[in-house]
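These are the structures in question, set out in turn.
Each of the next two complexes has chain A plus one more chain, namely chain B in the first and chain C in the second.
And now, the complex of A and B:
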């Protein structure tokens, strides 16, 4: 009876899974290292506790690298999200602009955008950036993170702007509200959930983009740690960096979800009600 | 008479706008690029950002050399996508059979999805001796998670009244699954597939950046750019985009076929 009530706890099941996975990890690592006696065991799957020890031993170093990658990703994310937001509003204001650009927004979902990363890396590295001493890799990270954020935010925001009730708009017009008022009081507030949907898709992408630029030719950041540790054979550091980059990805999504909860408390309430919690 | 003509022209223009405006925009961008307006704005040399006419010429000249690379990437992306989507669907199926534990497992699985392709690729390179399998595994892992999450939602976002109706007919779990959950999941599965098309191409290309095997579009892009063959690098990017669009169109066609088929 007691275990039954414990198991019904929604939070407990992922915990059990996490512990189970950790045990499985240790077990497989043990089999690889001791029973199969795999030469590459240290790289294939080192003991989880070894990785965690490395993680804590190099905590400062890894945190610094993660902060570099994350801060550039956030900068790019903010720029890309702002641009996507503004473009969606411009497109909803001018239907000709929407008609001209919409096919390209659709197309952008089909092409592998990260294929462009090496191009940006090669262009930015060799271009003169003026008198400022901003590392080329920083600019590259911001550009690619922004670029990859831009499309999901613009598409989702636009679909939000298009799904505003005709009646509500007509009501606003019948009150002789001008376009700025309609947008400020109706359209934009209505679109906030759509905006967050786009941002939640984009946040992990922006971080992946930033990590990719690290490993394509930057001299710092978590992605650089990944490739550098791999070449020098420092496998525990490599795996610790993998954990860090996964944590960054989760952090990116969680931050977007956190702001969503702050901005749209009623949405989470509705979701909980629907889920029957 | 003239009024009628004006109206007809207006209507024609309204229909044509959807094609003409995007085409105009595209032509404008290509013209600016060709006439080096972007180069002047960004302070980039023509060497680094080749003009479209040069890229097109190089693309056509090297089509025969890019074909094997395109096929290699397409092969990796497709086989990884199929394997990963099937595995993801199986995971969703098992999770639906054991709902209490399944939902928790899916949460954990989506957390694992946060491991970026960049980190996944070297891990798979040591797990698999063969570079081709390593790349396919990267794509499969990326695709599995999106499909598992979408298919699970499809199997469980059933209408309450439909579920109640099935129960009131004394439908067994198996019947509920086959007649309600499975059909209900079809549109969700296609959403997963559409996400996976883009993810598979990105996964394949990024793992080719890091793969020891020297083939594929990702290798082509990175290798040509780092050796200064910028027009050829761009030609590779265009090939990658064309394949991405073709795959997406294929999935969209499949989706249309499957969803209209269902309504008979």
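And now, the complex of A and C:
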């Protein structure tokens, strides 16, 4: 069947890419180590199979570090996405608020996260909530991840709210619907695809932010591993951590895309139709 | 001169009195989209607003629907303003593009006005079922709009408009984006639905044959400025069937409507 072969082709492409990349990696590593006989080959580009072996040997340790980084990123992502969502709605309700706030929002995105993170690190102190102590680095990770999530979610949501076509709103108007009803039944459902676009951009960024804060004075996490392994010359551990952080970023995007497919059954079908599948 | 309320006869559902609409164009120039339209629509009547683009037919429909306010003149709907008619939910509107909510299934789209207007929940299922049956889409309730053809989407749009049982159905070039075959099929269906529901229908179109086939009376609007240039009575017998399209009296009527345009 034609559709069958198309489908299997689609699944085949990433497989071919992955295998190709692995072969290329091993090849270049071989050239570095054996042909060029680079003394630093183990640091510059160790064999992929060495890294994978390290990955499995340190699986528990790396998984723990990944979990630390990921959980903070998720908390920050959730907080940032919620704030971006609510602010976009507030801005669409009050155009004055949008006019007043938007330049600052844009400005906030011009401050490099690399410059901002140390400032936040130096300001934030550990917090005591009841019997629990929350480490300053945890709070920082959540803040930075939230900060970086907020903007793409807010701007995408706002552009969605602005693209609701006139007759869709006229229909609600003809029903004499109040503002809360219009938002609940039209504006917000209409914007869900825009919201997901923002979240798919933000998810890997939030993980990057969390990794960055790890390396700026936290005592655990993937980012900490990266820095520490690099200083101590544990290159296989360093490279294994790099693979872990890449996997986290891809996982972040995939989870957002997965929820998008679940939440937007009509949209997925439309895309398939448009792609001619 | 009689006041507008005195001239209203009891059978009048919508009364327009010197309705005008002027837009401020760029550079301070004002453009008259509609000028001094006076006309009455009876209860249960099928009226077409016919004219070329720029004649103000859609503007007039939107004024009746209270989507825009006229700059001059007055409209009364059942003796009250369009705003209070809209707020008391007298209108069902069918737009040119079906304006279905993509994230809702066909059933959920028809359910939308029931939710918004707080129709008691136990009534929903029966009402939606009967609407689906009315427009011939009983098997498509769980489909999403994008899975339907243009004609089917417009049927859903009609079902949604009728779900709250409004007194007046306002249709803004509802079939203009459809192919000829689908359009003619929908004409039959619309007439059948109209017979069963006895709604007052105001139907905007630029298609002369369409207005002749469907209407009791055709309001002919001419452009620059948009004005009512004639009202043509359609004295073709009902129920009308597809064969009517081939009959000489139908063609004579189409010619009569065509000749009533001014300055086109």
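Some notes on this structure:
Criterion: the second predicted complex is superposed on the first by the 253 of 277 C-alpha atoms of A that agree within 3 Å, B and C clash if a C-alpha of one lies under 4 Å from a C-alpha of the other, contacts with A are read in each partner's own complex, and residues count from 1 in each chain.
To be clear about the criterion, contacts are C-beta pairs under 8 Å (C-beta built on N, C-alpha and C of every residue); 3 or more make two chains touch, one makes a residue touch a chain.
Quick caveat, the model's predicted, so the values are computed rather than measured.
Taken together through their common chain A, the two structures put chain B and chain C side by side without a clash.
Using the contact criterion defined above for the overlaid structures, shared-chain residue A:107 touches chain B, although it does not reach chain C. In the superposed pair of complexes, A:207 makes contact with chain B only, with no contact to chain C.
A simple residue count on chain A separates chain B from chain C, and the partner touching more is B.
Within the superposed three-chain model, A:185 lies in touch with chain C and out of touch with chain B [touch as defined at top]. Once the two complexes are overlaid on the shared chain, A:167 sits against chain C while remaining clear of chain B. By the touch criterion defined above, A:123 lies against chain B but remains apart from chain C after alignment on the C-alpha atoms of chain A. Contacts of A:264 after superposition: chain C is touched, whereas chain B is not reached. Once you line the two complexes up on chain A, you'll see the smallest CA to CA distance from chain B to chain C is 14 Å. Taken together, the two structures place no residue of chain A in contact with chain B in one case and with chain C in the other.
Across the complex, chain C is touched by residues 165, 167-168, 170-177, 181, 185-186, 189-190, 192, 264-267, 269-270, 273 of chain A. Touching chain A in their complex are the following residues of chain B: 17-18, 21-22, 24-26, 42-45, 48-49, 100-101, 103-105, 107-108, 111-119, 122-123, 126-127, 197-198, 201-202, 205-206, 209-210, 217-218, 221-222, 225-226, 230, 233-234, 237, 240-241, 244-245, 247-249.
If you check the complex, the residues on chain A that touch chain B are 7-8, 13-14, 16-18, 21, 40, 43-44, 96, 99-104, 107, 109-116, 118-119, 121-123, 126-128, 204, 207-208, 211-212, 214-216, 223, 226-227, 230, 238, 241-242, 245-250, 253. Per the touch definition, chain C reaches chain A in the complex via residues 65-67, 86-87, 89, 91, 93, 95, 97, 99, 101-104, 112-113, 115-117, 144-147.
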